[in-house]
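Below are two complexes that have chain A in common, paired first with chain B and then with chain C.
Now for the complex of A and B:
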């Protein structure tokens, strides 16, 4: 039990981070049909905000507040300069955001260098109950992720904004006729999606090594989670993230990281192929 | 007709270029021609077939590894003929594409964005697999792949020196280019266009969309496999990078910048981007990749047909006419 418990916690914290990343992707994909290949880089930039603030000497918690603001603002710029012009060409958004991801990655290499950086843990202690002990920060990380995921769900299911957003997803033309400014909804959904990525990157920065290539390692599992879970309902992300993240981490512990990665990708591809609407059903993407 | 004339002029210029550019650049250009071949294969499947493949390098890598394994005599020590290696590389890549294509396209099938994500994931899996497949060299790859050995009527000749290698590769590229162009002008090309733009109408006319998709996927894979097989003999080694993610996305960028709906533009896109890269990366250093990424982004948004295809189309078709 004492051996199993940390593993379960590790797996859960990975799943929660994956869900955070995937949730941002999903909002953008579900809402606008835009595949944002630069999402992993926005996640990475969130982590680099922490690196930069640490260099300046600002406290960790200031970074947690600033990272989503900075990355969200970057999202606003990206939406206004790039995405807005290619809404109607979904396949081209893959390519254009791919070019953007290459450029962002290289920009970070030029600013911070290609080597990996580390962010020191804001809280050092661990929680100890009997013989069992677990790093405190990881528990804080998990709690914050749960709160964030909950807040996002609340935003999209319980508020006026969420109602309008879901109207735009379901019937864009009808929603526009009823006076909803769809372009504005697209813009703010994109900003929320990117801010989530930035915050996820900032939160996870102390427990991973931060390097310019880290985005891809979350982007592809993030997409697979969405497609496995189903691109329709928000809850699909939870299921997809749990399948992709859970299988990956458990197999990495039991067999090897390589076997885990290959198995997860193959399983995900099979599920997507055999059930394109995802485990949770929902409409099929265009 | 004018289309072929422009292409002929370009290939003639390529054939004459070793006179001007010297030995080092001839060697470089040989490699770029092979990349151009890969770009042709992607243009065929993506621009004409409408299948956005984010993992075109997997076929390149499969061809490369098959060539390396066979000509090094790792399976059959007596059978190391380059011809058999090249044929097996093409056949192997095509068979893999058929199997993968059947899995992806049969029945309800996968298309569009889902296809891009899945092919990307498959490439990542294959790259990881090759990195850990120790019988095939693992991370280090296979070294000492022999150069291509041409034998005809008992005489044999190794493609070792730069100039003969260049012309042999140029010959292959020319044959593939004009062969593919002819094929695209035939009834098959018409069906291919229809399978991209109006698959439902095509199937209601009694054609099998699946078999058209499978055939173009396999043909494109065979060309990519051929390119990979030639490539490993140039440098003498096959490594997991051939099969992987980086090359897959690079070829996508060349083809998008050049123009995916025009074989010639895609081919030149690869050659010119590589040439620009080796010149400009010296001048701009690390900024080059930044410039490349931004150029790619801007060309997708502003010139979805491609940076090169727009002027080339004007040259080949004249004003006012559209390509079919």
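Now for the complex of A and C:
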């Protein structure tokens, strides 16, 4: 029991971060048909914001507040300069955002160098219950992720903004004839998606090594989560993230990381073959 | 007032509307009739900015709108009820109506009580999912949704398609009442002659992307040769 518990917690915290990354990806894809290959780099920049702020001596929690703002603002610039010209053209978005991801990576290499950086843990202690001990920051990370995922769901299912966003996803032309500015909805949804990626990057920065290649390690499982879970209802991301993240991490601990990746891909291929819409179903029919 | 001047529009290479011109006065109820494929739906979509005009002008209440985005055309006072109704079937009735409120300035929307007064069924079933509604009820919802933005003109695309005859008549009477009560202008694309006779004051006949003929409803009641010429296959 005492050996199993930390593993379950490790797996859960990975799944939660994966879900945060995949949520941003899916908002952007489900709503605008934009496959954002640079999403992993936005996640990485969130982590580098923490590195930069640590260098200038700002406290950790200031970084947690600033990272989503900075990355969200970057998202706003990317939307205005690039994405708004290629809405609803998935193939073009892949090419354009792939180019963007290379540019962002090189920009980080030029600024911070290619070597990996580290961010100091803001809280050092562990939670100890009897013989069981677990790093406190990881628990804070998990709680924050749960809150963020909950807040995103709340935003898209319970608020006026969410009602308009879901209307634009289902019937963009009809939503516009009711006076809804679809372009503006696209823009702010994209910014929310990028800010989520930045915040996720900032939150995990203290427990991983921050380097220019780190984005890909979350982008690929993020996409797999959407494929496996389905790109329709938001809940698809939760299921997909749990399957992909759970299998990947558990097998990596019990067998080997390579076996874990192979198994994840085999499962993904099987699900896509047997249920092309994903476990929870795809975009709803119009 | 809606004033269309030498408007051309279409899909890709294929032009559907050819130099079409017409004028609809404020508060007037006009029916647009013609066989399938003559450009009636295309005309409504072009007015709403869903299809970009290739040339020509659309003047609505004194301002050109043919280059405006759809949501601004809607806010300028044009309500649109699309063919096939296109209600949001996963949303409740109340959410469908609220969505239209969100699209317009809060000061400029019709109070829900007014909508519920015209269409009591929407109040009774406000928490029901719109997808569970019958065709006629969905049509009523789509009309109510368009009226919330206090349009000065309502564009209706085949509102009777696939709806029980009894409800068709009811919708026609209610629209006439609303038009008289509020001074709402209506441009309705319709194949159903009864609906046109109930509601319209004037009829435009459309063929090959242009308006070929117009007559008032009294003349049509006495002589239906125009109906045969422009509607029979």
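The working rule: the second predicted complex is superposed on the first by the 281 of 286 C-alpha atoms of A that agree within 3 Å, B and C clash if a C-alpha of one lies under 4 Å from a C-alpha of the other, contacts with A are read in each partner's own complex, and residues count from 1 in each chain.
The definition used in the following text is that a contact is a pair of C-beta atoms (placed from the backbone, for glycine too) under 8 Å apart; a residue touches a chain by one contact, two chains touch by 3 or more.
Keep in mind that what you see is a predicted model, and the values were worked out from it rather than measured.
When the shared chain is aligned, no partner comes close enough to touch A:146: not chain B, not chain C. Judged by the touch definition given at the top, the superposed model places A:267 against neither chain B nor chain C. Once the two complexes are laid over each other on the shared chain, residue contacts for A:121 go to neither chain B nor chain C. Of the two partner chains placed by the overlay, neither chain B nor chain C lies in contact with A:207. Of the two partners, chain B and chain C, it is B that touches more residues of chain A. When the shared chain is aligned, chain C comes close enough to touch A:183, but chain B does not. In the superposition on chain A, A:279 contacts neither chain B nor chain C.
In the superposition on chain A, A:173 makes contact with chain C only, not with chain B.
Taken together, the two complexes place no residue of chain A in contact with both chain B and chain C. Chain C makes touch with chain A in their complex at residues 48-50, 69-71, 74-75, 80, 82, 86, 88, 90-91, 95, 98-100, 102-104, 145-146, 149.
For chain B in complex with chain A, the touching residues are 52, 103-104, 108, 110, 112-114, 116-118, 120-122, 124-125, 128-129, 131-132, 245, 249, 252-253, 256, 286-287, 289-290, 292-298, 300-301, 304. On the side of chain A, the complex with chain C involves touching residues 160, 163-164, 166-167, 170-171, 173-183, 284. Those residues of chain A whose C-beta lies close enough to touch chain B in the complex are 33, 35, 82, 85-86, 89-92, 94-107, 109-110, 216, 220, 223-224, 227, 258, 261-262, 265-266, 268-269, 272-273, 276, 285-286.
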